[in-house]
Structure formats: C-alpha cells, structure tokens
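Chain naming follows the written order as A, B and C, and within any one chain the residues start at number 1.
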Amino acid sequence: MRYLPGAILVLALLMLASLTVGAASVDLTTIRQDPYAMLVLLESRLPRTLAVALTGSALAVAGVVLQSLVRNRFVGPETTGTAESAALGLLAITILAPGAPIWARMGVASLAAMAGTALFVTIIRRLPVREVMLVPIAGLVLAGVLRAIATFIGWQTDLLQYVDGWLMAGEFSGVIAGRYELLWIAALAAGLAWFAADRFAILGLGDQVATGLGLSVRAVMRLGLAVVAVVMAMVMTTVGLIPFLGLVVPNIVARIMGDNLRASIPVVAVFGAALLLACDLIGRLIRYPYEIPVGTILGVIGAAIFLWMLYARPARG
Amino acid sequence: MQGRPVDKRLRLIFAGLGLVLMVAIAVWMLQGLPEGRARSFVLGLRAERLAGLLLVGVTTGVATVMFQTLAGNRVLTPQIMGFDSLYILLQTILVAGLGITGFASIPTWSKFLLDTAVMIALGCILFGSLLGRGSRDIARTILTGVILGVMFRSLSAFIGRVLDPNEFAVVQQSSFASFGHLDAALLPVAAILTAAAVGLALSMAGQLDVLGLGRDRAVALGLRHRRVVFVTLGLVAVLVAVPTALIGPVTFFGLIVAGLTHGILRNPRHAMLLPAAGMIAAIMLIAGQLVFERLLGQASFLSVVIEFAGGLFFLYLLLKGRIR
Amino acid sequence: MIRIEDVSHSIGPARILHDIRTGFPKGRLTALIGPNGAGKSTLVRLVGRLENLQSGRISVDGHDLALTQTLELARVMAILGQDTAIASRLRVRELVAFGRWPHHNGRPRADDHARVETALENFALTQLADRFLDEISGGQAQRAHIAMCFAQDTPWLLLDEPLNNLDMSHSRALMQRVSDLVRRQGRSVVMVVHEINYAAAWADHIIAMKDGRIMAEGDPDTVLNQRTLSELYDADVQVSRHQDRPLVLHHA
C-alpha cells in the first residue's frame, strides 16, 4: 500500500489542472461569484475530468484482468479485437433494431465484445505455449480482421461515420454532462474486478494451480471476459479507442510492485487515470486552444513505452 | 541447373500467368466501352488506372518476396513491419518542415526522390539492425514492427494536427487504402522508379538466392552480406514508397501474394520468384478491382476485402505454427 | 483412501490408461514409478481433477470426484502439477499464501498467515520470502510451489515429479519433510518419482506402471526386485540393500 497515497496525490493534482484548463477561463477561487464559470465547470470541465479519470482507471484494470486471463503481459483490451467486436455488435443492433433503447444497445455491444474476446482467448490457447510474442500479434491481426468486417458493413449501410467514431483515436472534447455517464458502468465493472482480484491472481498462476486450489477456471474466465467486455464497450461508445493504456499501465505497476492483484489493482486504477489525464492535458495544451485527441498522444507515448517493455525485460512474459 | 521437367513446369506456369494477365488487362480496357466520343476518354482513364494497378501489384509482389528472403521468414512483409507508416510519417514531416505551400511547390519528381532517399536511410537504420543479423526471435521482431507502425501513424496524425488543427487536409490518411483513387500525377515518376528498382532486383537475383540461405551460409559462400542486405533494404524502401504514395497502406496484400507465389512456384530461385510475384499481384489487383468496380459497383471495397482475407491467412499461418 | 475404479483415459487415438483399478492407502507415502509415458502423471492428474475423467470412478476419502465441488476437494487434497512456469510477477510469500485461499476465500485470518510462515520456514524460504519469483533460481521457485501445496494443509498431497529442478540436498530435505508429514501428522502423500532410489528409500507403498497398466504394487520390498524392475524399464537392473532398504543399481 506504499504506492497508493502518492499516486492519489498526483491524480488529484492532475484533476485540479484538468478543471482549470480550457478555452474559457475558470478560476476556482472566485467561482462562487461567477455563474458563467460555474456553468462551464459543472457542465463541461467536471464531466470531462471525471470521464477521463473513469476511462483511464477502467481501461487499466481491464488490462490487468485480461493479462491474467491469457497469462501474457503483452496484450491489452485494445489489442485483442474487443473494441472491434463491440463495434460489430453496435452495428448489428443499429441495423436490425434502430429504435432500441440505450441499455439494449449497450447490452448487445458488451455481449459482442465478450464473444470477440472469447474468440481471441480460444485462438491463443491453440498457439504453441512458450510463444509469448505470438499472442499479441494474434490479437492485433484479429482486431484488423474484425475492423475490416466492421468497415465493410459500415460502408454498405452508410454507418461508416459511426464505425470511424468508435474505432478512431479516442478523444474527450465532446464530453459534457449527460454524454459520459455510461463510463460509470465501466468503472463499476472495474470495481467488480477488484472484488474478485484474488481469483484473477490465482487464474494467472495457471489452470493447474487454479483447479488445485478449488477454483472454477471457467467461471473466473467468464467473469473476467465480462469485465473486459463491459469496460471496452462503454469506453468505445463514449469516447472511442484509447490505444495502449490497458497494456502499459499494468506492466509498469507490475514491475514496481508485482502481481498481487488485491494490492495492485487500486494502484493500477489510479495510475491509469493519472496517465490518461496527463495525456489529455498535453493534448489540450500543446496547440492551445485547439485539441489533439488523447488517443493520438497515447498512440505515440504508449507505443514508445511498449517498445521499451519489449526490450527492457527478458522475454519471459 | 534444374532438371527438364521442372523447367517445363515453370514455363507452363509463366505462360499461364502471362495469359491470365493479358486477359485481365484486355477485359479491363475493353469491357462495356461506350460508343463515340466518350470512347477515347474512357480508354485514357482506364489506361491510367491500369498503369496504377500494375505498378502497385508489381512493387508489392517484388518487395514482399525480397523482404521475406532478407528476413528469412515467410510471414514478414514490409507493411507488417511498419514500412508504409514510416513513409506516411515522412510525408507529414516534410509538410511540417516546408509548410503546406512549400510542400506543394516542390516538383513531384524531387519530392518523390527526396522521400525515397530518406526512406532508404531510415529503413536501413531501423530495420537493418532488426533483420540483417538474422534475428532468432521472429515473433518479437514482428511485434516491434507492428508497434512501430502504430507509433509512426500516431506520430504523423499528431504532427498533422499540430500543423493544421482545423483542416488536417494535406496528409489525409485513412485506415484503408483506396484502389479507386490513384494519384495520377505520380504515375510517371512511380513507373520509372519501379522499373529501375525491379531491374536492379532482377539483376541481383542470384545474390538473393544465396541471401535466402541465411546469414551464416551466405557469408560462408562468400556473399558480401552487409552490402547485399542494405541494397535489398534500399530497394524494398523504394518499392514500398511507390504503392503507399499511389493508393495508401495495404498491410496484408503482400503476404497473400508472397504466399501464393511460393505455393505455386515451389522454386527458390529469385529469377523466377520476383517476376512471378509481380505478375500474380497484378492479376489479383486487376481481377479484384474488375469484380468490385464493374460487377458489384463498389470501387473502394477491394482493399477492405484484401485486409480481411490477408488477416485470416495470417491467423491461419499463426495457428499452423508457421510463425516462429 | 483414494479409490480408483476402472479408469481409462485416451488422448485422441492414443490410449494412455487401460482400466486402472487400484487404491492409494491412507496415512502412507505412495510412490508411482515407471518409464516415461507409462501414464503415471495422467493418473495423478486425474485424481487431482486436473484432467477430466473419461470413464471409471475416483473417490478421495469417500468424496466422489464427479459429485464433489472443486472448492471442497481443495480442502481435501492439494496437487502440484509439473508445469510450474508462471507469468505473474509474485513474491514468494504471496505465492505460498495463495495455498490458503481454499480456506479463507480472500479474507485471510491470523491463523492463515501463521501457516504461510510455517510453510516458508519448512522449505527454507523465509530469507527469500520477499523476492519475486522471477528473481530466484528454478529450484527455489520449485520449493515455493511445493510450499504452497503444504500451506494448503490438506489430508492428501499429490505431487507430480516434485524433485524436478531440485539439487540433491533439497531433494533429500523434501523427501524427509514429506515422510515426516506422513509419520508424525498422519497425512497421506502420493508422488510420481523418477529417481527410483528416492522411492526405495522413503516410500511405504509403490505402484509400478508401464504402458498405461499397473505392473506391480505393494511395499518396496515386494515391488523393487530385479525381475520386476528389469521388465519395467526394459533394462538390466540390479537390486542391492542399504540400511535395510532396497537400493537399485542401474549403472550397467
């Protein structure tokens, strides 16, 4: 628990910064006398800051869960076709039942995401066991194939704009109050993962050990897939694809404090939120007052961290 | 060197490929031609597009076969290794350095040559160290390439946004290439560069054969390994720049082409492999575009279908344990 | 007592076990011996429900494997598989502590912590307790895995080739420890052993397997004789005696 307080402090500072940065100036000290600033704060800045923090922590936790399900460090929920499957599900319900209520759409997206992730797990279980590096490659290629299908369908049905919105670099500039609340569900799913942290940690030790300790491998697997799928579906529909976050954050935390998930998941969540907030702030400041999508920023920073991971640690996964 | 039956088989294969290519070209040019004045206009347009498809096919086929020989692996392609993203990044950086008007004012020729020169340099630095030594860990190499690709693409998107936050129009890039919209102005340059690169590649076919044996054996056989590796990488850089500039990124096309070429030819000689790869790729593109554009009325589809089929093929190779 | 009745097992077309009918006696140290591919590991894995039972019946102290909750079984028997390579980055103490999980389901009590410390101590791991598993040697990691099974604190202990990666002194110490558990605490242990003299020196009960069938079973003096062993391993084997136990000489 040594790392948690520091991480929380950093996160709090970043959130404060996020509340004050933007096209309209918001001074937190005089805000009580300024109704316009208050409006900006409550309708735009606060929702955005919350959205970024929720997304960051949920994605990072989903990454931990996925990595313990497949026992491989080099995968994240963004590199396994999960988001692409969710997009396919959303496409399906948009075409078949255009008037479906939001909960039905989210349900279908989550189920599709779960099916896609399960497909990935099935594929990699058939790979030669020791080939650590093949697992992420399989995921990336599967994601590409699913993306091609989604693009194809989107083209046919004039929904390509939506598909691009889901699968292109994610950004938070459109977030205002009333347009981000689905992310709370993602955070809830991540919270569920923390409750089951021991189970995921044990599953990470291998099917043998898990069975030996009386754990139902299939049940834990289903729970994990559900967490990953719900997080991805909510994030994708609300803000788009955020690359590498769920991949690199768990790795960095594991390097520092190991994989005892009960202890590390809170740190992962806080760190994920902080990293995404930092990237979002960079995106907002670097070409002020214009914005650069946070997905683009992470595409660069995350890729660099991932490459460092590939070569910094021995390839034992 | 080879026995007579093999030679005969190869002759048959090449005759067949040539025939199919001719038929595909003929259909492409002549099918459903309008009467009267529009005729010559349509013919000109089709010839332009045909040239583009041929160039893309030949360059992709030849580049992939060479690259796989260099890497000692039948799964890698320059596109999988992020070569095309590097090209796009370079374009963006050029725009950034020169400004949009500056970029537009350079003649196409020197722009292309400059691009290619920098590509060769960067490609050699990046991939020479990754591949040239005959790295054992193929999977890690692929992963590195894929991630580099993502990084280059994000970086060019980033630079593009910083450059021009409103429009982002100069270096527009989509995730899928479009065979429907060729940049016709580039055709002459592309044709000359392609001819030169393919000619050079064919002239070193014998050295490529030796290179394919792996570094140790190649050195033992007296090949100047380093030099051949760098020349090969340089040629690959040119041959990747051409299709990327013409139509955009196509990740898995080369993989399918190279797989088919090796499967059909079953012959390790590059003097045979390189032309066959070029022909097979050209046939696939022309026939595919014919089907999608004229039959189904969906000009932009081909690349998506190729990515889909190529991705499945890659997964198949992976599960078969061919990727080690 | 573990009862195994009419158990057969196939992987694809290959028949691994043929109608095995035997038992592992309670309160004894049972060793499974035999050449590679005899089906020893498969049998132990079936008993430890790491493989699904295809035909036949297995019961552990009256718990039918097919009818008992897996969590309940985890309080009756602990099993150490051969594949102990793990991708997780855990400290030694954290790994061993997971052995207590079937008892507390995520809410460890003082008693659980105490048993973890005891297990660490028993396997000379206290010094290494805060090191990460990927920072210690293969033999030390193997000891950590065995310690985890011990911490599980079950009447039955199934060990599939536990001596892998262990040097001679740690192998001896492990056998000593296991035999203590059996004699002092009345626990029952089943282990697959490759080095036959460890079986000869420590086991109470020996089951010799070959080609998916049981060739001989009984106490060491009955099973470990020249004729049986020569047939078992298809090699000329001498049996001598040392400290009143059989000693198998196979350096031809």
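By definition in this document, a contact is a pair of C-beta atoms (placed from the backbone, for glycine too) under 8 Å apart; a residue touches a chain by one contact, two chains touch by 3 or more.
The chain list, named the UniProt way, goes like this: B = Enterobactin ABC transporter permease; C = ATP-binding cassette domain-containing protein.
As the structure is a prediction and not an experimental result, all values here were calculated from the model.
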Pairwise touch network: line, ring, star, complete, or other: line
Among all chain pairs, the one with the most C-beta contacts: A-B
Distance between chain centroids, defined by C-alpha means - subunit B, subunit C (Å): 57
Chain centre separation (subunit A, subunit C; CA means) in Å: 42
Between subunit A and subunit B, centroid-to-centroid distance (C-alpha), Å: 34
Numbers and ranges of subunit A residues touching at least 2 other chains: 132
Interface hub residues of subunit C, defined as touching at least two other chains: none
Subunit A residues within the subunit C interface of the complex: 68, 71-73, 132, 197-198, 201-202, 204-209, 211-216, 254-255, 258-260, 262, 316-317
Residues of subunit C that touch subunit A when the two form their complex: 48-50, 69-75, 78-81, 83, 85-91, 94-95, 98-99, 101-102, 105-106, 132, 134, 148-149, 152
Touching residues on subunit A, where the partner in the complex is subunit B: 74, 123, 126-128, 131-134, 136-138, 140-142, 144-145, 147-149, 151-152, 155, 169, 243, 286-287, 290-293, 295-300, 303-304, 306-307, 310, 315
In the complex, subunit B residues that touch subunit A: 137, 139-140, 142-144, 146-148, 150-151, 153-155, 157-158, 161-162, 165-166, 175-176, 251-252, 298, 300-301, 304-305, 307-308, 311-312, 314-315, 318-319, 321, 323-324
